[in-house]
Amino acid sequence: MKTYNVGLIGAGFMAKAHSLAYAGMPMYFWPAPGLTYRKMVADVTEELAKDAAARLGYDEYTANWMDIINNPDIDIVDIVTPNDSHAEIAIAAAKAGKHIISEKPLARNAAEAKTMLDAVKEAGVKHMVAFNYRRTPAVALAKKYIEEGAIGKVLNFRGTYLQDWSADPNSPLSWRFKKDIAGSGALGDIGTHVVDFARYLVGEISDVMAHTQTWVKERPIQTGGVDKLGTVKSAEDVPKGQVDVDDELMTLLKFENGAVGSIEATRNAHGRNNFLTFEIHGEKGSLIFNYERRDELQVFFADDPADRKGFRTVYTGPAHPYGEGLWPIPALGIGYGDTKIIEVYDFVKAIADDTEVSPNFDDGYQICVISDAILESAEKGEWVKVNKLEVTIP
Amino acid sequence: MKTYNVGLIGAGFMAKAHSLAYAGMPMYFWPAPGLTYRKMVADVTEELAKDAAARLGYDEYTANWMDIINNPDIDIVDIVTPNDSHAEIAIAAAKAGKHIISEKPLARNAAEAKTMLDAVKEAGVKHMVAFNYRRTPAVALAKKYIEEGAIGKVLNFRGTYLQDWSADPNSPLSWRFKKDIAGSGALGDIGTHVVDFARYLVGEISDVMAHTQTWVKERPIQTGGVDKLGTVKSAEDVPKGQVDVDDELMTLLKFENGAVGSIEATRNAHGRNNFLTFEIHGEKGSLIFNYERRDELQVFFADDPADRKGFRTVYTGPAHPYGEGLWPIPALGIGYGDTKIIEVYDFVKAIADDTEVSPNFDDGYQICVISDAILESAEKGEWVKVNKLEVTIP
Amino acid sequence: MKTYNVGLIGAGFMAKAHSLAYAGMPMYFWPAPGLTYRKMVADVTEELAKDAAARLGYDEYTANWMDIINNPDIDIVDIVTPNDSHAEIAIAAAKAGKHIISEKPLARNAAEAKTMLDAVKEAGVKHMVAFNYRRTPAVALAKKYIEEGAIGKVLNFRGTYLQDWSADPNSPLSWRFKKDIAGSGALGDIGTHVVDFARYLVGEISDVMAHTQTWVKERPIQTGGVDKLGTVKSAEDVPKGQVDVDDELMTLLKFENGAVGSIEATRNAHGRNNFLTFEIHGEKGSLIFNYERRDELQVFFADDPADRKGFRTVYTGPAHPYGEGLWPIPALGIGYGDTKIIEVYDFVKAIADDTEVSPNFDDGYQICVISDAILESAEKGEWVKVNKLEVTIP
Amino acid sequence: MKTYNVGLIGAGFMAKAHSLAYAGMPMYFWPAPGLTYRKMVADVTEELAKDAAARLGYDEYTANWMDIINNPDIDIVDIVTPNDSHAEIAIAAAKAGKHIISEKPLARNAAEAKTMLDAVKEAGVKHMVAFNYRRTPAVALAKKYIEEGAIGKVLNFRGTYLQDWSADPNSPLSWRFKKDIAGSGALGDIGTHVVDFARYLVGEISDVMAHTQTWVKERPIQTGGVDKLGTVKSAEDVPKGQVDVDDELMTLLKFENGAVGSIEATRNAHGRNNFLTFEIHGEKGSLIFNYERRDELQVFFADDPADRKGFRTVYTGPAHPYGEGLWPIPALGIGYGDTKIIEVYDFVKAIADDTEVSPNFDDGYQICVISDAILESAEKGEWVKVNKLEVTIP
């Protein structure tokens, strides 16, 4: 069994999730498609990188991420930095012939994403963008049901991603509120996960109509250490800076296959923590998912007998996608880490088998195209046609 | 205690709901503001009217609704006919000096509604439009919380009304699928209840952006007896006729006070029965309601202690709006009939006290204005400004 | 269609529920099996009775309930008084040849219940005991599924009835806390509804093992007016009296057919309002019901395909028991009143058709036998065999 | 930071959970109290052990678990074998001066457990029994609320653990159905987790009254490979053997502090997967937990304002127990693995700080005492007093 050496660039909370995934993947999926070895981690200072190596179990560390790119022993480059550095790192990694997994959104905008896509295509390396939520077994089960025709032709997709961590106007001006680093606000940060669901489950989006809102227009400038979300502790008396991205977005959607839909995302919805949901209506049934209760998928079959119809709450387990690698009975419990273990499994499998994995940089690029269209629509107040790359949705 | 004689025009399932309300109101709210007497009922034939009188407990019956208008003993005219006759009946009733309660939507469009509004204003009678769902105690409690400032300034209103009874393409072409009778489809039938919620709970809507869809474009022409929803039994081999109204609508909204929102309504969402919901986010908290679990209101207070925050599921009962008239402990259970009993209570109180009740024909008219704007937006694919009547939202 | 004259004895909150049912029954079920006429109501004083007649819609009133018994025009006597008067009234009514519906529990103990049962048998009148909750459509649907064999042989029944209105030690010493009037506490008041479910859905109980608890041993003596639950407003400074009944009971059960089970009931469970539930496991499936969400029944079929198994949440409606008489689509909403309307419907039907209705005084008696066994078991700390009357469970 | 070498004995699904925990602990809790190194794993054959080492990331492997005991480099012995070998291994490990973590139940009965307890006391090593579910953050939060007095004195504890994997009579006769290996059935396997909750959250149990049931009295003898639950693939035609343990148990409980309660556990409840729940009523509030939705704790405070009372659904996160080590916002999702990571964290902390951890072998022993009492009660049909060891419940 081949072992792939991993170089991790970035050391925030996503670094933890990815590192756990490298450790856990063969424990879950065995025989594994390959093993991974946590070879080197990069962070912004030597001290932080050293700490990350000890914490996350990497052999080596560096304050210069190019050390990872230049290291011939590294097979996989894993990018978990803020959005503005994804492109530079990915392009360098591609040129160095590394397989690449990047956190989402792929880039700050479609043009930037295109440069990354071109680089990986040219280099012929494997590439993945970490929209991990579609690897929740219940979401993969929804995909399976749709492909089996269990709910018939999809008519309507309604997705939401609601959080509340930025509802407090005194939560500080982290990079997630700055366009030059993040590209966009709730849209790129969380809304893109819903766009990924929409494309994965329904198909390509052709038209978008959007409204965005920035409820909190200025926030305290961060002055101290960075916490796990990239923010500092709140302080009411520090100077404030402008927020130049969206807090919230609402969209209407048209799909190429005739379905319609809507997406809403916000980080300002008090009481919603990680309310990533979809409700899909088809000609013969419906599907409901809520990540806050992620073990469960609800499915309704219209052809059940009249007196026995109702949404079935299916707890995912051994009989469902990825079940062979998870726990021996349903509802032992899927956590955030498990979605990342599955992600690494599929990525390593694609490398080992020399196949494509999804979502890859094609998908990541296309989601940036859609995001750009959403922002354009919100600015103009008009429906905007999505300029579509020819991609095959897996 | 004064007794008001009621003349009921129409004898379908809404007639049952209203008649139960007249019987039950004083049992619930005592001392009652006034009593009602079920004096006369009209239906399309003598036979049907006679049957309705026996079934619903009316003294007299007629196949000519003008008998009710012309009867000087009648104090209240109650209109539960299809939408295309609301205007003619209401205007006649107003001219005859009757107080009027009409089923919703008030009319097929704003122009028609305006004639009704003008008539009741001119006559000086009391008028109400039966958007009963806002009288669900949990919805009235949401209103109370908002007025108390419990969730702060409202930022976002998301409403849905999802049903599935017309998802079957063989469900027949009842009047609810014909524009000349119904005015619109899911919009007027159910979407207007959500519009009523939005105005009641948040404020006046200034702009709408909509998309509508007609999934089932033709349906079997009805050939037999009419069931309680106004439909006949399905038959695949009967001739089909065109559906010329919407099955489904999605909208984005802007409110005059700066809030934003969205509304979705459909009668084609498999598995959803009477899924009338809202989720409201404010600066200091949130509210969630789902009529399918109508005893409950969920409320989140952002200023709860950090380790004790969470949506509270409040079961409505004696401590909440209308609780003095309902059942002695929470969760004995609010049914559809109870919302109608409360509606009649507020209407009779308005008559007895000579005050205004809400929603009245002003509200009914304004909702027609908004509905027209939604249809216009859907046709043009553009944001449309609502031409607002100056109304005070209670 | 025959009209039955009703004499109602008692005027508390159950009187309201029953009176609404008489008014509403033909509106729901049409053609009705018979009509009812609210002829006379009795309360403890002339003034209260007069008020009740106006409020509840009865022609006549009396402060002497024997006026109802002695009135030859009365066909049905409806008993909604505290438990200690059920026997005296019912026996008198039986002797006068009246059909009888009595609130539950039938009597304070089995011996007392036996005198009532003997009286109605001797008189040959129709008799019913108002365990209305089994007439919730979702509960009737559970019965139907079980009879169809949909969940196989029943193995385990777990029932609860949890409320919290007496958790406050300052809630006053109403008759519900006094053994000489109520017979028992949470057991008779609410626990018997669960016993009724157990017998209705599973079969006869053969053995009980119980523990009872009185958490609040004394309460303020009531000094003022009586509210709808039979209690007065709380006052901390009024003298206190002893509570001599149970606040809470827990039981283990054995059924004659080999199933086992448990019942828990309390009025002291903070946060539970009317949490009347069951969970039934069978050899081929399971059922879950919670009255707080009474439109819904959850059912699990073990032979569903492995990847599509899950509890179905069935919203009751036209396709389910009593659906022909209720509302045209599911989830318009079953309220407390609706369970009573169905109850009256089945009672009048039994009178009109000269058939037996269930639960009748046989059932009411048997539930008293079981209640006595529960109290005996709790006192002795031992399993107690139920002395079974030969009754056929419908 | 000290590194502790771990020797893992057993290689089934619990081995996976524990191994992931060793890998992940420092990623979550940093600075960690100490690091762990996966040194050696033992399984029943050389081949299986070799495979386990590769899969789970151990340096060395052996088919003779005594190699782990005799290895002076091993600091921690981790026992994840069937119940009948816990004692022999633990006693050997204690004699060798190893710290010990053992899967639950600690032993097949109290006498056996006592030998283990004596051994670790004599050796002075750290000892833990892996009732991991109490380390679900929501359960730890319940403990915190109770200790803060948030729900007042506890009155009633109701716990359940319902699964359905053995409902199929053709699921094979694994060791979990054999008394000589397992000690008991649903009781030891899952019921003990609820007993652990009861003692952790409420206090010591003084009396038990129980009923047990064996629904499926014989099962196919396993003839082939062992799956992750210790069972083989079902086959209807293989010879059958006797099940001599309980499928299901129901108990009533009395606690030393005056509270009462009940526990129910079964592996035969169709539709329930890992339905580990409690509902606790106190004098001032209530708590509800369901592991199937393990991110959430529901809490009701009786002194909330009358019109704002309701169960709060608290999603655990950074503001709650262990939140500093988990994910940056609530509801990213606690999985089964996370409970094990927390368990290892607390165990290593106890070793590093030389403090006691709970649940330890004292607790494990006491739970065996209670289990023995439950089986005795079920056999006799009587209340049985628990012979209590003097333990302090943490």
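In this document, chain identifiers A, B, C and D correspond to the written order of the chains, with residue numbering beginning at 1 in each.
Methods note: a contact is a pair of C-beta atoms (placed from the backbone, for glycine too) under 8 Å apart; a residue touches a chain by one contact, two chains touch by 3 or more.
Since this is a predicted model, take the numbers as computed values, not measurements.
Under the contact definition, chain A and chain B share the contacting chains C, D.
Chain B and chain C touch with mostly matching residues; of the residue numbers seen at this interface, over half occur in both copies.
Per-chain CA centroids place chain B at a distance of 34 Å from chain C.
Between the Cα centres of chain A and chain C there is a gap of 54 Å. Touching of two or more other chains is recorded for residues 309-311, 315 of chain B. Within the complex formed with chain D, the residues of chain C that make contact are 151, 155-156, 158, 167-168, 209, 211, 213, 215, 248, 250, 252, 254, 260, 262, 264, 266, 268-272, 279, 281-286, 300, 302, 309-311, 381-383.
Residue ranges on chain C touching chain A, taken from their complex, read 141, 144, 150, 296, 298-299, 301, 304, 306-315, 319-320.
Residues of chain B that touch chain C in their complex: 1, 13, 16, 19-20, 23-24, 26-28, 30, 32, 51, 54-57, 163, 165, 227-229, 273-275, 291-295, 315, 317, 327-339.
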